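What follows is one structure encoded as structure tokens, with my remarks underneath.
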Amino acid sequence: MTVHFINEIENLTLLLLEVTSKVEHAVQQAIQATFSHDVPLAQKIIDADDEIDATEILIEEECLKILALYQPVAGDLRKVITILKVNNEIERVGDLAVNIAERVFDMVSYGENMVEKLDFEEMTGKACGMLKKSLDSLTYRDTAIAAEVISLDDEVDKLHHDAYLFVREKMLQHPNQSGYYLDCLTISRCLERIADIATNISEDVIYMEQGIIVRHLHEGGTK
Amino acid sequence: MQKKKLFWRKLANHIFRFFSLLAVLLATTAMLVIVTHVIRAGSKALSLNFFLNPSKPYGMPDSGIANALLGSIMITLGAALLATPPAICAGICLSEFRDRPKITAALRFSANVMMGMPSVLVGLFVYTLIVVPSGHFSGLAGSVALAIIMFPVVMRTTEDMLDMVPYALREASLAIGMTRTHTTLRIVCRSARKGLITGILLALARVSGETAPLLFTALFADSWPKDYFSGPTPNMPVLITEYSTNSPFAAMHQAGWGAALVITVLVLTLNIGTRIMFREKRHAT
Amino acid sequence: MKKSAIDNSFKWFCFFCAGLIGLLMLGFFIQLSLNSKQVWEVFGWRFLISSEWDPVAEKFGALPSIVGTLSTTLIALLIALPLALAAAMFLVHAAPLIRSVLGHAIDLLAAIPSVIYGMWGLFVLVPFMQNKIQPFLAETLKIHHIPVVGRFLAEDYYNGFGILTGGLILAIMILPYICAILRDVLQMTPPMLREAAYGVGCTRLEAGKDIIIPYGIRGILGGIFVGLGRALGETMAVLFVIGNIMEMPQNAFSGSTTIAATIANCFPEADGLQRSALFALGLILLLMSLFIQILAQSYLRAATAHRGE
Amino acid sequence: MPLKLEAKNLNFFYGNEQVLFNNNLPVEEKKITAVIGPSGCGKSTFLRVCNRIFELYRNQRAEGELLLDGVNVLLPEVDVLELRRNVGMIFQKPTPFPMSVFDNVAYPLKLHFKLSRRETFDRVEQALRGASLWDEVKDKLKTSGLALSGGQQQRLCIARAIAAEPEVLLMDEPTSALDPLATSKIEELMVELKKRFTIMVVTHNMQQAARISDATAFFYKGVIVEHGTTTKIFTNPANRKTEEYITGRFG
Amino acid sequence: MTVHFINEIENLTLLLLEVTSKVEHAVQQAIQATFSHDVPLAQKIIDADDEIDATEILIEEECLKILALYQPVAGDLRKVITILKVNNEIERVGDLAVNIAERVFDMVSYGENMVEKLDFEEMTGKACGMLKKSLDSLTYRDTAIAAEVISLDDEVDKLHHDAYLFVREKMLQHPNQSGYYLDCLTISRCLERIADIATNISEDVIYMEQGIIVRHLHEGGTK
Amino acid sequence: MPLKLEAKNLNFFYGNEQVLFNNNLPVEEKKITAVIGPSGCGKSTFLRVCNRIFELYRNQRAEGELLLDGVNVLLPEVDVLELRRNVGMIFQKPTPFPMSVFDNVAYPLKLHFKLSRRETFDRVEQALRGASLWDEVKDKLKTSGLALSGGQQQRLCIARAIAAEPEVLLMDEPTSALDPLATSKIEELMVELKKRFTIMVVTHNMQQAARISDATAFFYKGVIVEHGTTTKIFTNPANRKTEEYITGRFG
């Protein structure tokens, strides 16, 4: 019956990859919407989250089903649990995309050219890249990639910190635009959290492959 | 305390093992003595003529055992033909049709009792049943007597053998849509085939040496067994009895030993042959 | 419909065949009872306890035959049983090669026709008893001076025939027979039970006497009864060596007779009341063997049921 | 989903003792339905009603309806031999017939169909392939079926059962006498077979039921306490007894 | 062996409760530290997180062990998975406590009396209360409590929204204190997230007890 | 942890065929050590070396060391009867002796000790309680041990084994002939027993090994491929073969 177990796991991994790419897309579009103050796009992203949530539930139920029906042990068990946890994380990323998109409604009130915009391109690229890579490490069971993702986290943290300083400075300069900059800070924080989530996923992958829990080992540094 | 106990336990064990070895040696030597004696004494009588000529009254030359051998074969085969088919059906009845457990239990008990029936009584029975009404001894009466001895043996062997066939096999056969008869004959009996043949042949080997019943039925005659249906028929066991007890002559004794050797070899050959050909679980009876 | 008709007729045919065995058994009883009616009418129950057998005076009693039958059987069993049990235990534990060689030998010996034993008894054992054992007992051991034992083993003249010789030949005959049954019973002890016995620290003796024999006890008893029945009804082996004397035996070397031997011996020349007396003996033998068989079968059946668990 | 088999108000009696009580069970076509429950709960009995093999024994009787493609097969006018051709059965212990491997499979064909030698051979090969046994036995079709290993014997029995092209396969703990390796082969085979047959399998082994079945019915004291998809039963059973049984709280 | 399984699960639940009360305590102390600008206390909270992290890893390993060794199904399986997920959530609460405590270092720079403080008492009480209740619902397998927790989430959201409005207003009034108010907003958000986490836990409990995934069913409203 | 039993360089031969190769296995005191592996991997053989029961058969021999409390019990000068008192064994099928329930348990006592009736009775009761059987049989101590149910028989055998106060209990698939309910009782009993005895159990059933054992040794083709705590083996085995076996990839 191992064949069937392997098939089920593969299907599940594919489903997870699919929802990940959707989520990633959602994050990128949300960032774009904040930049272009595109309310319809933001609304679309918020609406699309339902689908992502549904997929999360589906994956979780499948994991439960696999655990109940195939009762895996050792590596197989770790794989299922990892998928279960990664799935949870991915859904959180989806929620973060929604959080970003929600900011748009507030941001538009400040008008396109009224404010000095923050460029999230680099940060978005990095965070999404980390997410993608962490999922790659899951798919290809490659702990090297996972380790790389973990090391990248510091860079994103740095970018977030920069954004924070930028925002504080701007608020001092333009107190009346502080609402806008608050939104920017929220977005930055969301992106930083996406990077954190990618790190978590990578840690889970390392656990899956090697059976070692690396979480919290390096946290002292990054937090 | 424990050490001491251990010592006595081990001593008792060694004594026991010695005694059991002794028992085996004793038993086997007794056997060896008998068998070698039969061979030694019997081989003196053996010659080609001994096998080719019929037996003749004392004093006549070229006496042999050919007629008795032929008669024995006829009587035994006759018994097998008479007994086997109904005995197998009876065994099937005991093993396959269990919906009347009381009747089958009674029949099984009868068969067991019949298996232990002293053969001399079988002789008496057939004597009053056939010999007295027909007015003469006959080979057929001998066959009937042996058949009566064979019947319960084959019946019980059949039952035992069929019982060894797992019940699921019957259900499996019925489950693919076979009839009951078909299942019994084609599947169950076929599964037990080896055991059945072994049982029949061993029963045959056993009755072929029976003497007592033949004394009252086939009797003996110094002639070819042409009167199988109507007159005394020569046969080996009675020939041996006649030659060894009822005759004071050494020559007859020697011929008796010869006949004894021949029948022993025949019975054992049948026995060994059966066991080798159908090597399966042995059965005591 | 047609298929079930075949099924039904086949079933009834089988029942008919099986019914034959019941008919046969009844037939034995009826025939022996009918034919012995005359004796029971003339002598009544005294037939059983009378020791006279005088065809000329037309006086018949079954006691000598019964005593001869029982005593030869008893001797046979006393000799054969311990040997058979010990030998069977040995065989079960022996190395595979020895086990199979000796095992087959025993199977074959059990198959040798009884007339051969009788003949060997007549030509070898009787002279041996006459020329060696009896003189040895009487002259070397002065057996008749020993109280009690002497009464049983002393005989004035040596002829070799008698109860002891009959018992011996029966013992030799049923030894392989019982041994084969016992060996089969002992071999049916599950290997795991044997290992369990040794596993609690039994020696071979302890495992045998406390575990293996009790486990097969019913089968063993059944086997003994089967052997007993066989000894009881045996004709030819005893006929040659018992002496065939219709008197109450005085001691172990007295000539005597058994029921089966009497029938075989006297029947050809008998008629009238004597023939009826022989049928009456037959009936007694039938009842004895029936009794033994009932015991044997009840034990054997219990044994199979208990293994079937 | 079309129903292949459906028990309606099925009751079963051993003499005066009732062992199945008002059982209702729909069995979907081309699915594996596992029947689980503690010993003596009537699960094997239920299976034995489906091909009326219980009729072998006196004092056993079934009441109620058992619909095969909508026809109540418990009615006396339904030919039992024909029914048994349509509803194959596999037993706990392998039951190869005392004949060659080939004849084992060809036997039911000869019984039920009139086929040429060529056709027979083809269908035997097909059945053996269907039972994933062909490659292992193709060189020894003439040897006795009893000479095969336990797992092979069981697959031979499956080949025999599917040779007659039944519609339903009943399996009564088909792997309980086999070692783990043979078991997993049989399990894989069963999943393969459900593409063509409707399978009902009684099993003691809950993991097995979980692994291979699509639907599960839980019997307790002769009553079907719960039935539904295997996933449902094993992740979220509705009945407390079911939950207790599958989590090992009892039985 | 069910006895041993039940024992293991009970021990695990106890461990989880213990770590939860620790985390709860950490949150309350962190809030206190922000209010009293108590840097040593904040540092203590941050240091204590290592222990919480270690317990999380321990619980996760125990869950894996139970899954591998006892191979639970149905309710038992849901229970283990729920513990696995709740454990994860609790650790997140611990991280949030650290986040709150970290704000203290920044806030002290504004001096005790310089700023108009935000009173987080009500919000903290509510959030921690929800967390406590959600764990109670897990312990007592009481879905009614879980449902209550879920319904309370809206109140905390409301408080967070109030805090947001308050912060924006204060920033306009005192742009030079905007750093401080940013910190306050972060704290408020952390508390709101604690409430969210309590809601998640309650949803998990409902799933455990009833096998129904209620997550996302009501999210449309609360997000 | 103190080692109770330790195999060092243990080799085993059936005639000329070697079936165990250089086995090294430390067995901790008062723990349950499960021995798993595919059929024919030598796991049962390993157990049968531990109380030298293999010596019953000709052509079987063991080489190397098997230390029980540091003493190599394979040396001929070690008394085998004494060793077997110290190392009890439970078999696949229950093997009650053909005597009463009481005598079954009293038998090894009578064999090895000189005890008064009172003492014997007390120790029998103690052993039966230890095997969780006392309550079920206290009213039928005089009935035959064979009259008990399968699960009770197996517990009777356990009582018999522990009556002589051994130090090690060897169990060779003790539940493979039992139904699930009896199995779970035996498993609970085993966990109870490890407080007093060192237990080695051979099992086919991986779930069982997972549930009850503290340490697990994986045999493959006569070699101990991996041994360690059960948690480690079942969540994160070091060897690929072990992983494949416990996840059902083979065997």
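As written, the chains take the letters A, B, C, D, E and F, and residue 1 is the first residue of each chain.
Assume contacts are C-beta pairs under 8 Å (C-beta built on N, C-alpha and C of every residue); 3 or more make two chains touch, one makes a residue touch a chain.
Source: prediction; values computed, not measured.
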For chain D and chain F, chains touching each: A, B, E
Graph distance between chain A and chain F, where chains that touch are linked: 1
More contacting C-beta pairs: A-D or C-F? The answer is C-F
On a C-alpha centroid basis, what's the spacing between chain A and chain E, in Å? 20
Mind checking the centre-to-centre distance between chain C and chain E? Centres are C-alpha means, answer in whole Å. 93
Per the C-alpha means, the centres of chain D and chain E lie apart by a whole-Å value of 53
For chain E paired with chain F, centre-to-centre distance based on mean C-alpha positions, whole Å: 49
Multi-partner residues in chain A (2 or more other chains touched) are 1-2, 61, 64, 68, 71, 73-74, 77-78
Enumerate the residues of chain D that touch no fewer than two other chains. 81, 184, 207, 210, 234-235, 248
Quick check: what residues of chain B touch more than one other chain, meaning two or more? 9-10, 179
Would you please name all pairs of chains that touch? A-D, A-E, A-F, B-C, B-D, B-F, C-F, D-E, D-F, E-F
Please name which positions on chain F make contact with chain D in the complex. 38-39, 179-181, 184, 204, 207, 248, 250-251
List the residues on chain D that touch chain B in their complex, please. 51, 53, 56, 58, 80-85, 88-89, 91-93, 95, 97-99, 107-108, 111-112, 157, 160-161, 164
Contact footprint of chain C on chain B as seen in their complex: 9-10, 12-13, 16-17, 19-24, 26-28, 30-31, 33-35, 37-38, 41, 86-87, 89-94, 96-97, 103-104, 106-107, 109-121, 123-125, 128-129, 148, 151-152, 155, 179-181, 184, 202, 205-206, 208-212, 215-216, 237, 240-241, 244-245, 253, 256-257, 260, 263-264, 267-268, 271-272, 275, 282-285
Write out the stretch or stretches of chain D touching chain E in their complex. 206-207, 210, 233-237, 242-243, 246-249
Chain C contacts chain B in the complex at 3-4, 6-7, 10-11, 13-22, 24-25, 27-28, 31-32, 35, 82-87, 89-91, 102, 104-109, 111-120, 122-124, 172, 175-177, 179-181, 184, 203-206, 208, 223, 226, 229-230, 232-236, 239-240, 260, 263-264, 267-268, 278-279, 282, 285-286, 289-290, 292-294, 296-297
